[in-house]
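Presented below are the structures under discussion, each in the form of structure tokens.
Next come two complexes built around chain A: one with chain B, the other with chain C.
And then the complex of A and B:
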């Protein structure tokens, strides 16, 4: 008995180095993954120590975000390791059956290997984007001696080659990831927030309010989204902030219509009546009870929406109407490569591949989520 | 039936007015005066005589108060007058009349390719459900659907035009097009259409295949299909004679909704292949801030969406006897 307790303490102590605790408990796969993750972070830390330290004084969106992310990653690796080892220790021996919908969905999601890989890739892409200043071997904007550096084919020094100004494309692609990925995420959040709130409000109040709000949606939804975006980037000078707003503000009506439909049916159920009976104000009923119940399908579309936003941003930037050079975004990098297809294929190839990989991953993720949350499939399995 | 269509048409009038109104006021949200947009590229830093500015203002009706301008925009739109392009100095209607045939050549062929490949692959993978082939089709179509069209187009140009020299990189015709016979002209046009049509069509087919697969699987689970199987029909008969008919209904309506795609679905692809269609016209107008064109193409695209939905609903009612004309399911 005493032996077991000291064993436990021993394992918990090992878990301070992420991975070792899991290894000792026999979860070797997860242990190795955690350890590799930690070692990678530590390697970056040692490799870029100077940049890391000075980064805390740099402007936020530049290097401070990268340094902060690195600290946060290390801390969360340790925390995750400790928390997970504790959980495993406490659960050992007792077979627990979890049947909450979230758990079931998660388990179903994990069975989908492709979707899980997509998650790994997406997480890796966002990490690389956050850490771009620490990972990029060159300054993405620096123009060296153009004559001797331009149009260099991919090599060990320049993994993705150089462009017509001799800038390192690998570094530019990393910084481009920051622009493209953050625009996608932020625009999706804006669109889903507006759409959800709008649709829920229309459905809850019903009657004249619903009628007016939904007629506006009818008009808005008739515009093909890409045309609306084109029109708006033609009117407003697009920089990152404006582009996020344009993408977000043009893409909410679909969500609004969907959420309205969901909530119209939820509103008739007893729990809403109960909430009203105890005198809860409308905004609390909407935000605490109705929206959370309708949210899991929104989660599925959120993944698709990020892909849509990233694709739209890339399309606009490719046309020269979105993010403008010299700020790198994947879209305008591909555009820069369009004129050089003949003699420098790598300029368009690498940023475009990253873009394609990102969009494919988000689609696979959405597919996995849809299968995991599919209520019909849940019923079949557990009822 | 006719009554239903008329009713739907009447109901869509307020929607069309709403669309026109939204377009007008969104463009007027623009910081500054539309006049600046007109003058800026021409002036090139020079001072322009205020009297000249006033004259141009009058010419485009910009001297009137906003509500008058708004009413005039609606009136002109109803008459089919879409204004005069700032840049081309020609009526927008004429510009569109030149561009639309080019766009249609592209998008109609793309839709055909889409339907052909998409429906065939969808049926195939539904019938072979859960086999390796089905998984390849499902995952493959998801990947193709997710790849951005402009990048796919560039890569195809790189491989098939630049390296292999099989297809032209852009443009609508060869240099010596004028000297070809009629058949030669058609072949030359198809040769130039091959890559853009392929990019558009394949992306669409990927979506169609997934949709077709899930619809057919739904239908194959229904009781009447089970009954047909129980009566001893061959599987091929069950799929093609019994199940497919019902599974195709939602697909037909999808193609009703493809109407806005026919004119506006190829913006980026047209730009890449220097195809002088409506999409490229719009993109050029946006970069040149040519408001009359932007307003016209956006409004048209939205109108077509409304019309497309209408056509989809009507065809749905026409091909599916279970649906009554007021849009509700009878069974």
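And then the complex of A and C:
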């Protein structure tokens, strides 16, 4: 009997369906989450099989991207789960699990339930955004018979109601999520990459290099960012690429200043001298030794920065300077609802709520990260 | 000759003025030789070590002098060659192993960084060589320790790992800057043993920097004694330990506690304190603390003069004797 049980356990461990292996190894919670994730994606796949297949051949990038994301998500769920099971198995035999600073922080982060829920919400939002063309019940831009379809209150066919042109707001909110969330993430990545590299370079070389680079930052910061954005949006035709670039390229100086301060103190530490003493060239010292040590506070500000970028995009779109209708973004959807607030509250309510939920989730995530990386709290864990 | 340092002068340019941390130091080092560099804290020992690798942090720099390693001028090397020198030519062991290891990375990763940089190994070769090196350093369970982070190791283990990093590039000279100061006595002895063993295995020269004359005497063939940025005495270890010529060396020796001799003689310290480098006394900088000092010592700086075979001393009173 015991043999039969361990046999099933062994089979489950090798199973391709994510989550089964974790279940067999006693990691029930992680197993269920992985399984739920996979089943959800499989359900979407089966439900929208024809859309999924035609998506690959569609001449539209958004549909092709959705189908590709679906495949990528499934593949990564399987690969990640199998890798994790392997890791857990190898650790079972090992008495001591090495505690890297990252892993300690991760464990602390998991203790913060609010932050963990924020992560779930953010992941769900990004999933929905990636799969929007497969999930949306209607074409977000198609205008049906306006007279009979406009200003419909939320119902089973139109969960978020319809707008003044009779378009389905649920579908539009899904597509709007793609625009808002991708702009937030991409602009953050651009800002943090430039800011980190720039600030670290200035701090490491110091002296005249530092002086010149940081004066440029001072000048940059002296411009009021929002008006600079307004001006740039006025010059260039606003589309997603332009908005990402504008948001990313206007908000890196803060990161640069912040990172410079971190690196200035790190480079005085002996391990930097040790890195120089083994003959590492400057760029490897900066990217391999200094930046990784300064990265945890950057992660915290990165989460806040995504929220800031999404907010800024929504603000620009609300003013009619960002993403232009008919392409939906949460910002321009709220703007469209503004005129109808008294007789059709749902037009502004749903995108506005999504916006609020997203921003709050990112703030909670940032809070959780900050607490998890707090070096003082970290020390208490070790002592 | 492996290393020759000629009239090295290194200064820090502070708001208060120029601080001459190293003021005209000359010495030579042969292949496979162990030389000790001894002096009180702040006498410039570490700056000599950093100068040899051209690693002095700003606002300091080498002001004058010549450093030749294997016939090449270190101070005029182009950056890529200088980087090869650091690690592949000369290895440096730091005083505080806890501070010199990057806390974010595993020991193995920091060690393979050197192996890949200087010996051109690929990821897998580096991994294997890492484990072998850690084993050679006397670290138990090297496979496991390679994936440990610095904070998971004891002080002695960290120092072994740091020595492994210093010798990983197969340097011809190992500079050990107070390698045992942060460790307790039993571990000190083990680390010294390890260094001696490595020297024999790899035919390395060692420049051993310490404030502990007794410890240096155990390892070194020759000893250099430094005071306020200058070398005051240079002698074979046995000569220096039995019949020091310079009053400062004499004072250092007298300050070593003698155990088990039966004579409960009180410890003799050197009177006075090390002078401020920004405001050195004129003449021989040791004269305010010296029992032999007279008017000449206050007026002029004594040069190094030969007092025996490979034995030199910078003192007007005993040097000529």
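Operating definition for what follows: the second predicted complex is superposed on the first by the 334 of 383 C-alpha atoms of A that agree within 3 Å, B and C clash if a C-alpha of one lies under 4 Å from a C-alpha of the other, contacts with A are read in each partner's own complex, and residues count from 1 in each chain.
Keep in mind that, in the parts below, a residue touches a chain if its C-beta (ideal position, glycine included) is under 8 Å from a C-beta of that chain, and two chains touch if they have at least 3 such contacts.
Values in this document were obtained by computation on a predicted structure and should not be read as measured data.
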Simultaneous placement of chain C and chain B on chain A, clash or fit: fit
Partner touching more residues of chain A, whether chain B or chain C: B
Contacts of A:308 with chain B and chain C, given as first, second, both or neither: neither
Touched partner set for A:270, first chain B, second chain C, both or neither: second
Touched partner set for A:176, first chain B, second chain C, both or neither: neither
Partner chain(s) touched by A:281 [first = chain B, second = chain C, both, neither]: second
Which superposed partner A:253 touches (first chain B, second chain C, both, neither): neither
From chain A, separation angle of chain B and chain C (C-alpha centres, steps of 10 degrees): 90
Touched partner set for A:318, first chain B, second chain C, both or neither: first
Touching partner for A:292 - first (chain B), second (chain C), both, neither: second
Distance of closest approach, chain C and chain B, by C-alpha atoms in Å: 17
On chain A, positions contacted by chain B and by chain C: none
In the complex with chain A, residue positions of chain C that touch it: 53, 55, 57-58, 79, 82-88, 91-92, 94, 96, 99-106, 113-114, 117-118, 144, 147-149, 151-152, 162, 165-166, 169
Footprint of chain A on chain B - complex, ascending: 14-15, 18-19, 22-23, 26-27, 29-31, 139, 142-143, 145-148, 150-151, 154-155, 157-158, 162, 260, 264, 267-268, 271-272, 282-283, 285-287, 289, 291, 294-295, 297-298, 301-303, 305-306
Complex interface listing, chain A residues touching chain B: 114, 215, 218-224, 226-228, 230-236, 307, 311, 314-315, 318-321, 334, 337-338, 341-342, 345, 348-349, 352, 355-356, 359-360, 362-364, 367
Residues of chain A defined as touching chain C within the complex: 96, 98-101, 206-207, 268-271, 273-281, 288-289, 292-293, 382
